[in-house]
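Heads up, the next two complexes both have chain A, just with different partners, chain B and then chain C.
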Partner chain A sequence: MKLDRTIRYQADSDRDFGRQVMAVPGCERLKDCIQCGTCSGVCPLSIYMDHSPRQVMALTREGFKKEVLESRTIWLCASCYACSVECPRQIRITDIMYELKQRALRDRVYPKGLPTAVLAKEFAGMVHRNGRITESFLVVLLYLKTNWLEALGQWRLGLGLVRKGRFPFKLDAIRRRAELRRMLDPEPDDTSATAPPTDRRTP
Partner chain B sequence: MKYGYFPGCSLRGTGRAYEASLLPVFRHLGIQLDELEDWNCCGATAYMSIDETSACVLASRNLALAEKAGHAQLLAPCSACYLVLNKAKHYFHEYPAMTVQVKRALQRGGLAYSGNTPVRHPLDVLIHDVGLEAIRQKVVHPLKGLRVACYYGCQIVRPYATFDDACEPTTMDQLMEALGATVVRWPLKTKCCGGSLTGTIPEAGLRLVYILCKEALKRGANVIATVCPLCQFNLDAYHHDIRRRWEDVRIPTVYFTQLMGVAFGLRPVDLGLQRGFVPFQMPASPPDEPAVAGKPVVAPPTR
Partner chain C sequence: MATHCEEIRIGFYVCHCGHNIAAMVDCEAVARYARKLPGVVVSRDYRYMCSDPGQELIRQDVREHRLNRIVVAACSPLLHEHTFRTATERAGLNPFHCQMVNIREHNSWVATRKQDATRKAKSLAQAAIHRVRFHKALQVQRVSIRPEVLVVGGGIAGIHAALTLANAGKKVFLVEREATIGGHMAKFDKTFPTLDCSACILTPKMSAVRSHPNITLWTLAEVTQVEGFIGNYRVKVRRSPRYVLEDACVGCLECIDACVYRSPKFPDAFNEGLGKRKPIYIPFPQATPKVVLIDPATCLNLKTGKCKQTCLEACGERQAIQFNQQERLEEIEVGTIIVATGFKTFDPRRQPLYGYGTYPNVYTSLEIERLVNASGPTGGEVVARDGRKPRAIGIIHCVGSRDRKTNVWCSRVCCMYSLKLAHLLKEHSEAEVYNFYIDIRAPGKGYEEFYNKLLDDGVHFIRGRVGEVTDWAMTPEEEGRLVIRVEDTLAGCVRRIPVDMVVLATGLEPQPDAQAVRRLFNMSCGGDGWFLERHPKLAPVNTFADGVYLAGCCQGPKDIPDTVAQAGAAAAEVLSLIDKGYVEQEPNTAYVRDEDCSGCKSCIPLCPYNAITFAEDRQKATINETLCKGCGTCVASCPSGSIVQRLFEDDEVFAEIEGMLAYDA
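Coming up: the complex of A and B.
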């Protein structure tokens, strides 16, 4: 019988990971977490999470990178900011979740079968191309990339949206797309500048 | 009164009825809205999962365009846009290193941003600039008998509670009462609707919607008033799935601007009221007798 160790040693962690996250704008106050669990208590989605928000805070700070980046938790965060507002140490938990999402996308370690990650990528891609989101096209793209069979199950909703005039068939775009792209693309001479969404930085 | 107007992508798609009602209602109140020229997507919640600096650049382009066009203030009716534009502004002042990057990026597109243009929400403008008295004077059909659950959702009050309380907001309650409606006590008024999770992880997202609608019905509401295109979509469009998973909790969810238009005597069709999945009608019953839309909740098994 193969025994799996269910408790991690500190030696299993990557101490740098916590430090790197805490260096990101918005994430600095993670160091002040007192593990009170208010975030988990107010989170409307913690009932579905594998690690509660409180656990994600502790795991991140201590550098348990794999556990955090592979968890469902970060992709269940709907950005309602209840935790950030209620946190007695003013930790911006929602922004830490964003940072963890970014790292999971970059390292391609997000859990398979969760379309939230795919939605973020497709969303960014559409903004990069057109400057605007056409929700109808985005949803179709999302279903094609994840589970096109499921799209068939949504025929009723789709038809309803068409009938109510809420499903545009024309792709919306800004006029000065090149101007926007110049802003979002990294400067040719500066590698530290902002990266386009498709560009993957090394971890 | 004059404001720059940032519609955002949703108001051109699934949330068309929001713009369709906002524009005539503001015109009726004598407020001029000038649409921001060549505005781009604010980035919403999704872009923050890609890169925060790029997300700030994306949002800041709009703020820079507003400054360039000379808009003293920018009106952002969509909750996600309102939050993201405000967030970009906060970051701009809070993180100098990021500010340098954002400024450089804007420069590449020939734009500049000083970080000053205030981003306002229609509720904020209506309560604090227009005033309840001026609104009351425009009411020709008081919303008598309408029992409204005022749904603020998350992102206009959190994390930047600039014009109302983060957990116990009241601006929409005041507005609805000024229109003659009865506001029901509904403690879920700032609870999350699930955002895009209703589409990506339905089990989780739809449960939040189910709880919101069920509690509103239980509290005797016959309509939910919302400020956000995504909230409206979630609370309105998924009742078939919710009934299949749990039970029928159908209740109309409309934009607060649509109810304003009804009270001002504008035609429902000019307010986009025909675009809702759960049809909205003014109740015929007297005000003290709560009329419950959809099927009343009958001793449901809680799961």
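Coming up: the complex of A and C.
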């Protein structure tokens, strides 16, 4: 039997990671967390999570970047905001989850095959490229990148949508997309740790 | 004594305060600079001016150099003005010929560059040196102290303070808003950590208050007006009608049996609404005074006038029941006041996730105190509101404490009383008891040992703040019960724990009328609403109003030992004042120059201390200097500039400003 080490050395942590997250507007109060566990207690999805929201807060603050960004927790968050409402320290936990999701996408460490991560990435990418989404294309992309075999099971629904004209074959897009891109991608000189990170992937 | 015609000879001293000042201010340079200023005869820097050799330095210089003004640049005058004034006085000068410059709190502690801090110290020093030239010789006023004391609030704090003072032979007025003294402590079953019976240790003190010849006890009474100043307060007390004569009633309680309501019908406030009472009742068997009272809101005769008045018959010849009793206004004169108005517990309806008010089997801790109490509504039997005997009980800590949405503070007593209730609930029932806590705070004599005892007793401790209390069952075991959903943060998983009874350890809050009481006694409140002590460490029972002291939870959450200790301290402060017989007042008061006063009266409503009156005969405003606190509001507002404040006269202030501006780096 192979034994994995479970100890966490200080070298395993990235001290700047916690500091960077806490520097993002809305995430500052993470510093105040008293680890009471209210967030996990109210979270309707905490029963499926590998790390509870409370553990994500502790790991983030201590800079355990790898554990946090590879965790399923941030992708299971359904943004119901129950944790943010009940937190006795008024930490905006849902907003921190979003910040962590963006970082996971940027670092490409999100769990492969988990549809929420792929959906978030494709959704953002499509908005970035076209200024709006076309649901038919998005759904196809999602199935292709997660489990394309499952799409075959949906053929009857797809056929019905096509027949009713609800499955456009043309990609919808706004005009003056270059201007949108300039808004979404700040010039290199005004990027900083506090600027909202965007998906800077080239299409 | 120095006069204006006399040559001004100033001694200037810079204190290093160890590293506190010297690390940021070049003290030697400041002393060198001051030496060149007009009037300065001696200028020195010294390591600790407040030390004996430092004060001796001043005395020696006054003797050798015939100084008549002293300027000390050191810490805040709040700390050492008295020290240096006394040193000046001992050197044979008028103490008010000394001026302090604050170069620590206002300068070295907040500055970031030594260069700037030194410049600021020099300019502040120059301002004071300019000003001190105009200082006049002032005399300290003496105010005598009346020996009577008013104690507001008859909880354990008020009781202990009143008894201490009365035993010392002082006359005490104890004013209590409720029908009986005893406060919250009278409701408790046991006290932590010794598990003393609360009533057994409290009721002897209560009856001692009642029978003490030096204590005048007024229940159902409230202070409505406070006028005057330290040593001489005039207080008005409103006494609500009890409809029963306290002197005539012997507490036989026959009237209660005779009431036309056959059975108790109205929720009983003393039992937190868990029991019922009649319109004529006594709060609890040991109530002090042991006199019944009639609740006008529920008594048929007082409400409608149509009642057989069977209580009157039962009372018979004693004629203690008087339906026509009216509200009375008492006026008393006291020298000092102890405020011990206590606290209220947090209303858990403000945190709906715990289901208080929704699920009948969710209780507050005070309700459980009554439930487990032998004289409580169930006689000490643990039965839930729906008649069930609980198999499992969950105690939720920190309800309305340590929460930015409600109260940020730790209420200090909840951990310990939750442990006590866990013990009592286990003793009175067969139930498994779960404690849900964030941190167990057991800092006190014997407290940690009590926690260990509960661990030994097999009480469950789950570290995690409860997410919700629900009746929504997910497993057969949870059917028909309350479920507590919580992350067991030590085990690292989310758990659902079915219980039959939930106890909310509600935190402590200031009384809802704390702001009104604060204004009544001219005290201050902290940002959290508790009454503010003058200094958190060194004057914990004093307030910013002279002659008004604090005791108990109105100053902040505390347990019974701390409350009693504070009440004793407040009584000791009062006794030391009374025994001395007088206080000295800072002569920084204002006075009106009659020749300039136009009689416009604009200053009168502005005075926060009601010190200004209008002399109708002369048509001039006059200031009562014992009431004046030297705030300067009237001085600034007077349109004709006729009000002058000692120590802040125009020539002094202008000279100070000139000195500040004349400094040129």
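Simple rule for what comes next: the second predicted complex is superposed on the first by the 163 of 203 C-alpha atoms of A that agree within 3 Å, B and C clash if a C-alpha of one lies under 4 Å from a C-alpha of the other, contacts with A are read in each partner's own complex, and residues count from 1 in each chain.
Rule of thumb we're sticking to: a contact is a pair of C-beta atoms (placed from the backbone, for glycine too) under 8 Å apart; a residue touches a chain by one contact, two chains touch by 3 or more.
From a predicted model like this one, the values you see are computed outputs, not experimental measurements.
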Which superposed partner A:Leu114 touches (first chain B, second chain C, both, neither): first
First, second, both or neither for A:Thr38, with chain B first and chain C second: second
Contacts of A:Leu76 with chain B and chain C, given as first, second, both or neither: first
Which partner, chain B or chain C, touches more chain A residues: B
Contacts of A:Leu184 with chain B and chain C, given as first, second, both or neither: first
Partner chain in contact with A:Ala124 - chain B first, chain C second, else both or neither: first
Partner chain in contact with A:Gly158 - chain B first, chain C second, else both or neither: neither
Residue numbers on chain A that touch chain C, as the complex places them: 34-43, 46-47, 52, 54-55, 86, 88-90
Complex interface listing, chain A residues touching chain B: 24-26, 44-45, 48, 75-76, 78-82, 84-85, 92, 94-95, 98-99, 101-102, 105, 114-117, 119-121, 123-124, 127, 131-136, 139, 142, 156-157, 160-161, 164-168, 172, 174-176, 179-180, 182-184, 187, 193-197
Touching residues on chain B, where the partner in the complex is chain A: 9-10, 12-17, 38-41, 43-54, 57-58, 61, 91, 94-95, 97-98, 101, 104-106, 108-111, 154-155, 158-159, 161, 166-167, 190-192, 194-197, 199-201, 203-205, 208, 237-238, 240, 274-277
Residue ranges of chain C touching chain A (in the complex, touch as defined): 353, 398, 402-405, 438-439, 463-468, 485-489, 492-494
